[in-house]
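Structures for review follow.
Below are two complexes that have chain A in common, paired first with chain B and then with chain C.
Our next item is the complex of A and B:
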């Protein structure tokens, strides 16, 4: 997988002053990689450069070459970064180069780590949001990409940076309502990253989020991400589960209830196409009941039995465990 | 579907896959160049879990493997540990013992996998530089409690922290770690879903949830003070929900099942004392369908196998052996260190200073 028809370093006069250092191998190397000649040649010169401590423009060329052949070569990344700093190289140019390399190697740790180092130096986080949105188009659930966005927001933490975040995450959820990374990001933005001025009225914020997630559930009820988000709001804000009981009940029935003209924003019913009943709703309703003493536990057990026997049989042992635990506690 | 009879475990096929990888990897795998030690651990570990190390390898092979692992122990001004391989080491006379350059130094994750590999090979650890290893861990811990993978790198996340914990536990010496600070970092990685992300603010993920739970239980002192009963309950709930109708586990909500998460989620459940909640039959069905016809286990059915998914699948099956099929029988596994119990006992008996 040679990148371009470029001669080996060993054939290039401008590298003549560097002594290439072959890799040390004992007689019986374990799990040796059958390197290509191109990789061998480049890494021989890299070991030579590192031994001499050379930090120069041509080292940037060499490390870029190695990184393109093996983006997980963390020593090449580390040495490259130190060289950039030593040469006082324009880091904005480096960042542009990384735009291209990152999209090719979205799943490599080093690509993102290097980017963080550059941003810490450049201190210009705002254009990054656009870059991240762009690379999420290639892989909307990429863990490194989302982590980088979370890091960027938390590290620089300026109001400008946060201002478009709810719209962004709304867009991502609309693209794919089952994208849990997007739901997680929403929780991070709303509840776990400090309270910004525009979000000071917490009662309003909590109400807004409850309506948001319930609306989403009403359109697509069988979506674990939304249910986890709903539970997250309740737990994080110490709201009693009882407050969602009315909302839940419609989702535990076999068919959507007949709806009147008045739409209750706090209790939106399942859409006509919804696949019912929804196991996640049954589970949460059982939790609601369980917290209401002996009589509730009886109802919870009936719901758990329906999950165990019909709606969620893969977790049979888990539902048995819940039934046993609650029966034991309440002496049912 | 989950009730269908299991195809047999192709034990010899998996042995063959592990041995082939130990003898060499194709150039397309060049991305493993800086993590060869981990590959070695997964391969030797596969032979260990299948209890075929003695039967299918010679003592001279095993001796040369020990020698190779020891050759990766490097000593620098900031301590000692193991490097991934000689990928940054220049050819030199083997007699010259020089200090490593800072680009050829020890790596926390590689040190963990090297110690386990040597324990599998029943090494006596007489060559281990224990004070150096403790010093190395100390130089890798950062102000926020996390650990960098190599000295001076900002590349930190929970994986490295777990490896530092596992090393300290094997050494039975925690003096290289500020445990409280590290546990504060773990707590910051917890999410509203009940799992743990790779760094603070990140999405809950099966691998990092295993790592967090294992770290909480490896650390000296009582784990119950670090996880309240409702927290424990919520983590169990999240882990259990990750088992999908195929029987396999996913690593994140609404993602596909992947063989490695059968280990990460299954082991976390076992550590939390909730092993009875796993659908063992389903897990066996899924993992058996990930077997590759020429040996090895892939992340999902139909893909190519690799040492990582092969080892972790067999480790998951060691905790949750499907009943009634002798080819799927394994010895017990220590979920905290991620090694066969006999291996982890060996590590704990021979790694601490005497």
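Our next item is the complex of A and C:
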């Protein structure tokens, strides 16, 4: 399928000086791809250009054409980048072109990496945040888009760039509280990329994050992303799991406890619509008990058994493994 | 009783919508009522159909929509050849020769392999091409093995090395865990592993483990004022992901013979937890997903299902090292027996058989998607991982060590023995749907059969009998 109505390179006089290079000349390849004529024509000329080492404006046209037909053609991207640099081409113009191409091919590694190369040269990261946010509207869990955002923040690492990030990620989590990419981004921003001035008071930050994730769990208890985030906070800051025991217990019951009028910010209860008990809460409560001597291990084993037999039967063998491991250590 | 839907807590979001849609679709592929007779009908592996599908691609070529794989031609070849191997089929000598001749056209004059003739060298197609040659090739003239330019390949590898121990996948390209794995697998197969090549690489791999327990695509290095690499922060870029986790874990295992035991360890407890959490529940037919709160997909049968065997290798390494009783800070002191039973093997086989097979041949992500070469291999490899237990055997390791010809204390010997001491547990296999569904075991580190792994490594390490 042709993208634009254009003659083949083989029919264009201005390409006459390039000898096209066929892909397979002397062999009958096994498992070939049945290309379109347009693709064959363009890549024959690309191979010819690479062989000759030509770097010129028309190479930019040719590589753009190939990229549009097959954005995963990494050699075309590589050669295009080297041509841009050799010609001293305006990279801001290239970035504009990329705005359009990226949206069409969000799932391709190369479109995002090419952007990185351009940004490293252009050194103007701030407008990128908006572009990325826009791209995430089309595909909210796109791996490349998120890691590009994280790279951008970490690589340029200026306060301006970081300043709106917590609000941004809060917005993304609110859009879809089950979006694990957004949760990971929150962890990246809060805990993993160095400490910025506004985040120096670690105790306050940890407290804030614990409340944030507990509130989220209370709204939607069966959300693995939030539970993993909670575990992440505890592990990363070396806080004992015991810290959250009181919070957990309500989520391990069959029905939400009667709450009355007291609002406990530290221990928000499950919502009225919550489908309880929540296996992730049972699992974490077992982890809490496991560290509390022989009696605790006994309680942990009961919880693991309930997961194995009732609440999370698919992972039967893993729960057996936990039971065996704990019994072995405690001699229970 | 029909399996229940994943709870939404009366709080729907786009994730729960698409999850519910998928569950409804998968439910239709669950034979009901689930009595043994009807189930057996559904649980047949359609070997002949898949074979025919693979042969068609090989002989007639891939249709035009595979243009998107034009830079992955070695992958199309590897996926197809390895799918044959897992199904227990070998190519005839004529087609083997065509395969070898085709693969050699992808070798770059400056070392490594590209995605097709005239394409730049890249770590991913280099792995695919070398593995395809392990299957189809042989020593000697036109055999493929002696035509691999190993010296130039080493130079190509070194040219991609980064200060944080990672590697670019190609010149001017990205750093990516898949590339690290591909490089280490090839370096192991072809006897190119050196301490200089992999200096700092294990530390890079470790830095990609996220708080969830799985691994990310890469991590971001920070450098001090003096230009020296900082130990921290080194934030992972991207969330824990099945494909990267397999690559990271396999890399970690491949790096063990090169390590001096002074490395920080990865957090095995969290890794194991994350891996088991990737298995979908009953209504997802027990398939694996690649990230938290994403959908099950047949390809993760290998990337996640296949990773359990690798965990076992790390454990084996611990127990055979002098740090036997050492307790690690990250809480993996409680590691007891890792056995074959950490994930639900039967359920994974059911997913592949019920949802992974396309009625017209070939395997797929999930219904109603069409089959493709990538999913065909990784569903079959996942089925293989679910059927067989392949583990690093102390016995086999001793055997290899005593049979080693050459310098006794070499790193090469360690690399060779640790890569090849994997053995199938003969008592272990579980065949859902009956023994007719048996497929061959695949080497957990390379995704080649053990026979192919042994043959190519014996040749390049000069250990042929």
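Here, the second predicted complex is superposed on the first by the 330 of 332 C-alpha atoms of A that agree within 3 Å, B and C clash if a C-alpha of one lies under 4 Å from a C-alpha of the other, contacts with A are read in each partner's own complex, and residues count from 1 in each chain.
Following the convention adopted for this analysis, a residue touches a chain if its C-beta (ideal position, glycine included) is under 8 Å from a C-beta of that chain, and two chains touch if they have at least 3 such contacts.
These numbers come from a predicted model, not from an experiment.
Visitor: Using the overlay on chain A, decide if chain B and chain C clash or can fit next to each other.
Guide: When both complexes are placed onto chain A, chain B and chain C end up clashing with one another.
Visitor: Between chain B (first) and chain C (second), which, if any, makes contact with A:117: first, second, both or neither?
Guide: Both partners, chain B and chain C.
Visitor: Have a look at where A:47 lands relative to chain B and chain C in the superposition and call it first, second, both or neither.
Guide: In the superposition, A:47 touches chain B and chain C alike.
Visitor: Is A:262 in contact with chain B, with chain C, with both, or with neither (first, second, both, neither)?
Guide: Neither chain B nor chain C is touched by A:262.
Visitor: Would you tell me the residues on chain A in contact with chain B in one complex that are also in contact with chain C in the other?
Guide: The overlap between the chain B and chain C interfaces on chain A comprises residues 21, 23-24, 27-36, 39, 43, 47, 50-51, 69-70, 72-75, 78-79, 109, 113, 116-117, 141, 143, 146-147, 150-151, 154, 178-181, 183-184, 187-188, 191-193, 223-225, 228-229, 231-232, 235-236, 314-318, 321.
Visitor: Spell out the residues on chain B that touch chain A in their complex, using ranges where they run on.
Guide: 2, 21-27, 29-36, 39-40, 43, 64-65, 67-69, 71, 85-92, 94, 101, 103-104, 149-150, 152-155, 191-193, 197-205, 234, 238, 240-241, 243-245, 247, 252-255, 276-279, 282
Visitor: Can you name the residues of chain C that touch chain A in the complex?
Guide: 6-11, 13-16, 57-58, 61-64, 66-73, 76-77, 80, 95, 98-99, 101-102, 105, 114-120, 122, 170-174, 176, 210-212, 216-218, 220, 222, 233, 235-241, 270, 272, 276-277, 279-282, 286, 291-294, 334-337, 339, 341-344, 347
Visitor: How about chain A: which of its residues touch chain B in the complex?
Guide: 21-36, 39, 43, 47-48, 50-51, 69-75, 78-79, 108-110, 113, 116-117, 141, 143, 146-147, 150-151, 154, 178-181, 183-185, 187-188, 191-193, 223-225, 228-229, 231-232, 235-236, 314-318, 321
Visitor: Considering only the defined contacts, which chain A positions touch chain C in the complex?
Guide: Residues of chain A touching chain C: 21, 23-24, 27-36, 39, 43, 46-47, 50-51, 69-70, 72-75, 78-79, 81-82, 109, 113, 116-117, 140-141, 143, 146-147, 150-151, 154-155, 175-181, 183-184, 187-188, 191-194, 219-225, 228-229, 231-232, 235-236, 271, 273-275, 312-318, 320-321, 324-326, 328-329.
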